[in-house]
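What follows is a pair of complexes built around subunit A, which joins subunit B in one and subunit C in the other.
Showing the complex of A and B:
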């Protein structure tokens, strides 16, 4: 080797080592990631979680047996190396990962899983996660065959059983105390280090976290995550623009466009989300509204005509600036497995809507639609005050329906007043609201679709189904819930989706896009449509040092 | 001395009555608000009928407002202010965590607001230039026209402390009264005589003007505390400051009866304490003078 070659080799070697050290430093990361929670977390007990903020904290601190990959929507092993669901969907056997430790250094065993399940299924806990598993009366039994092997037996079949464990964060059988749940111990990538009520939650990396990257380095890369409790979206946006926060989840379309105009590389539109916006008419028999209006609202032809007369494309374009898609049915196309691809988009057809109403005995009189008894067709549409998108949609619906002679009064109420009318007094005519979907499985919506359920919003708590199509939906929902074959379940639920589109008890309007923003300092982010959009892979995120 | 003690005792009894009444009225208004009886959790499709029933039962316990208030008072005597429905935490702990921030915010806001108002009012009264008077009146009028929410948003936008927004709310209101009081005091014959005799401005201010305007300024100080406390609610809510004001806002939106009743009592108490203190100080000063 000549001196020149030797020198070149040394320079190259030095450069390579420097580059490797830089990459390594970046990958090792460290640093603090900051973003906002929009509400105060109501609980740190992972088994009692119900609000978005607590769900986010559970996601970052909790260890689950099985995880739904937020990108592929497929199941992946986490604390369970493998699992097997019995043919009757009543029991699931887990082989647990060995060598895993809680954040206090204590070992994770089958005892912890058994303790978690017993506590989760305690009826007195009223856990939303636990209620989702409760398909029949009787106790859940746990059988531990070894420290890393166990079986959970349910009293009745639970459809989509394995998928539901994505929401079950395992708690320690020896150290968990409900009153001090904030102290853990935790199995997830981060632990709660400090909670300042009303202000922030500080998460630090879990030194005992079991995962490593492909190079064998311990995860997570980040040292800490600071979650600012910030209900005000304007301030959240301001913090992001000042570089005080690095991520924004569920970004508003207005803010998305503002950010996109300044730095398009910071924003991300992942396409239609699982969330839907819909309106429905009050079909409750005892509702304090005139009988002739009840007759309209209970008429399938009336509901379908109203649906046909709403221009969903306009809602997406005008209200959401193109960051929404017209809804096709109960499930968004973003739900890869459960969406019924046979559903067709609802075309905007005001003339056809008017014709079908005329066929039902309605007629136009000086631009006002009247029913067969001469009553003006008019109704009030309630939505929650302060939600500019819903207020915007309500105004566009008002304009669309005016074209077929239907007069709509838009009324905005604060949320508690609206819920009171919807669930207790039934003193409303039509409501425009949204449904936030976190679960992919239709079982999570049993309490919406069963006619006897509390959340069967257009006509809840029916003793027996009041219509043949609701009876059919009941039958299909129960059939899918007890079937173990996913294809059979899909077949049943496809039929439910088709009936809903035919009958329009909910007039599905749009599916909002999953919009997010992330600072250029965040490396490894890959926003998805499922919660938690931007930090689903938090353990692999890194923060580059700002210049 | 005995008279002073009697006055303080009388104020104490009146305060206690008003505080109890204030708490009861807060609870009653909350009970009558639409949507009092419902809980957002009822909308969770995961919850089964038994869990939704349990959620509803939490609210039914508070339906009879007289019984609720009597029970709450009995518990409060033992230091238990109940548990917040929306946040699931003890009300006493929530108030303890958040009160210092609000007190600091209000104290700073009042301090800055009063300093600015008095400085401007005194200089306007002393200088007695029409242009200066018009300019200062216009400045205070400008801030008087700007709603508290806008000041809060501006302080967020320009990254200014929330206390400044409170100061700018207090300043114009204090300024207008203070200027009128000081102008009147400065135009009194004995002040004119003192000036003619060549007394210094500071001596005139402290010996001849403050003793005249002092009692009314003290009364104004008591009222300004109520102003600052009321302003703290929207300012904390909009600026994202985790104080009692933000808590009050959240409690009202979520119909959180235990939390809002306690905050109502607390705000009544702070307002009354401020007003009573200024009353007692004013009367004490008056009796000393006599």
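Showing the complex of A and C:
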């Protein structure tokens, strides 16, 4: 190599290194991330959050004591350096992080946690987050032992107590005002800088955010996040394709495939999510349906046979284009801790289903299944109009069940009418709907599995359990809710899952995959199945400058 | 009938004939799910490809056309008869009858018919076959869609009531009932017929609207409305233009109806 060549090489190398450093600097700091909220946020008060949009804003702006790591599903210390739950699961003691400040510069202390808990548990506030902590009558007490040490005492045991603090964003005891919640102050990585109703929410970096990365750089990397309020998924898709948005959460399979066909590197299928789709038969004693149909619907053998005759693989493959997994039971395998791994997939066995129905006195007559009294086995299956995936599933189930001589009338109703039939008049035979799960803990489903609960959809609000297996589920759910040992709780809930699969009060059909898309400009993204899929690590995301 | 009307009439006739020959042209049927070929593009086996559930799109369009084109006239008949009874009679009777009929018509016109239809449909029994559901859907359309025609027929009845020949017949001592059936009603026939014809495309589009909302004809029976649902989500259209076939057919049929009925609309006006 001549001197001249050597010089040129050095210049080039230097330029390349400089460019690389500049790109790295650009990537490591600044920039604005943009994505859509699908509804208007109903509140900025973190303790009154209920809707998805408000949950997203709370996640980005709120500081919590303990965070569920969306990737590992394990608990991680945030504003609390450490914590300890008492053996009776009635009290939790926190050692708080010192030196943390709110976005207005004021210090974070145990007073703020106490204030937050008092507000949260105030019955007048009607906080959905607070309701989850309400397991017994009596007041929640807080004991502050030092500015960084405190204990919260509950009147009754609260199962999974520490995990529930993931949803509790701490508010300032001195500056928070409910009527101006949009102004904070905040403890999370971002603060609400501007809210244009019906249009957008602008979040800016919280200059006082306490976290740093491994190199000691202050987090978050991003300057701001612009949340467009956009209910129309087509427009969201257009924005993404034009480069006007960088993330899409909860894509449906059609959009996912379309994007994948154009830019496969932009889409992410994180596997089965916590969301399930299921159908169930009406088992309400006073329901205005013929007695012979009630007898079918209350028969475990009938429900199991129907379940066996549904081809779940086809539901996943045809309706969801492969972006769903056959459901195994009440909890998705995505719920790493609580899913009962002993559950086996329901095999599609129409012949076995027919045989078991024949053993119960049903018989085929000219291609139509009849019960022992000669009634044609036919029922209506309702789902909500406008949901093409549910309608598609209903039509596939219709054809599957036709093979064993069961005639299904698919009915689509507007959602309010469906809910009225489901919860008020009980004037229905079977319903196909879904459950959106955001909580990993089975306690969040107490209102589904207890026979006295309102959302015990196949037969709600029973004064006493009408079947032995429902009584057993009641017992197990209460036992797991009051046990403090996670292994014991898991044991109880595993048995609940097994009973549900044996009895099929809900015929679980599929678990949808968690689908998302992110622009190639977004660095550090790692989509997961838990909400918020794509921006769960927003503080560590960066945006590369587009050319 | 001019050339364009003849051409439009021929096209309509062809569409009707094709839909009636659906069993022969598309033997697979509208409900069969070829699940291994779901969402397939056009092929020798499936001329317009298959829908998301693997059903032959061509077969579904033919059967959907049959349903829409046979039941829309039935709904039009129901609505025209209702309009004749309410509007025609009130217009002829005049006075309090006409005021009452006008008030009822105005009330019905002011109702958001789509929500009314959704509400009425939600009250219907659930366990009915797809064929019954399609009959119910179009009957509801007919029962709720008489108001516009009633206004026209009310005006027609009122003008006949004051016409010279009716006055002369009345002066000659002809009884009211005889006057209505023998003299008035036959003279309203052109308006009735015009109302009947121009209602047909309206009901076709109404069912399509309901179908797009998922509240039309029950699965697996196809209708134009349910077929048009494939077009929701604009992203799918560009690469799969064959999905536009039901929309193209709907536009062609409604346009042909408008051309053929252009004379009738003048009568109705």
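One rule holds in what follows: the second predicted complex is superposed on the first by the 522 of 547 C-alpha atoms of A that agree within 3 Å, B and C clash if a C-alpha of one lies under 4 Å from a C-alpha of the other, contacts with A are read in each partner's own complex, and residues count from 1 in each chain.
Please note the rule applied: a residue touches a chain if its C-beta (ideal position, glycine included) is under 8 Å from a C-beta of that chain, and two chains touch if they have at least 3 such contacts.
All values derive from a computational prediction rather than experimental measurement.
After overlaying the two complexes on the shared chain, residue contacts for A:471 are found with neither subunit B nor subunit C.
Using the contact criterion defined above for the overlaid structures, shared-chain residue A:234 touches subunit B and also reaches subunit C. Of the two partner chains, both subunit B and subunit C are touched by A:414. In the superposed pair of complexes, A:318 makes contact with subunit C only, with no contact to subunit B. Within the superposed three-chain model, A:392 lies in touch with subunit C and out of touch with subunit B [touch as defined at top].
When both complexes are overlaid on chain A, the residue A:429 reaches subunit C alone and has no touch with subunit B.
Within the superposed three-chain model, A:380 lies in touch with subunit C and out of touch with subunit B [touch as defined at top]. In the superposition on chain A, A:254 makes contact with subunit C only, while subunit B stays out of contact range. In the superposition on chain A, A:448 makes contact with subunit B only, not with subunit C. Subunit A residues in contact with subunit B (one complex) as well as with subunit C (other complex) are 234, 413-414, 417. Subunit B contributes residues 33-52, 54-55, 86-89, 94, 97-98, 153, 156-157, 159, 237-240, 242-243, 246-247, 250, 253-255 to its touches with subunit A in the complex.
Remark: subunit A residues 233-234, 237, 254-255, 258, 314, 317-319, 321, 378-380, 382, 385-388, 391-392, 394-396, 398-399, 409-414, 417, 427-429 touch subunit C in the complex. For subunit C in complex with subunit A, the touching residues are 31, 33, 35, 38-39, 52-54, 118-119, 121-122, 126-130, 133, 213-215, 218-220, 229, 232-236. Within the complex formed with subunit B, the subunit A residues making contact are 40, 42-43, 50, 123, 126-129, 131-132, 134, 196-199, 228-232, 234-235, 238, 242, 413-420, 423-424, 444-448, 453-455.
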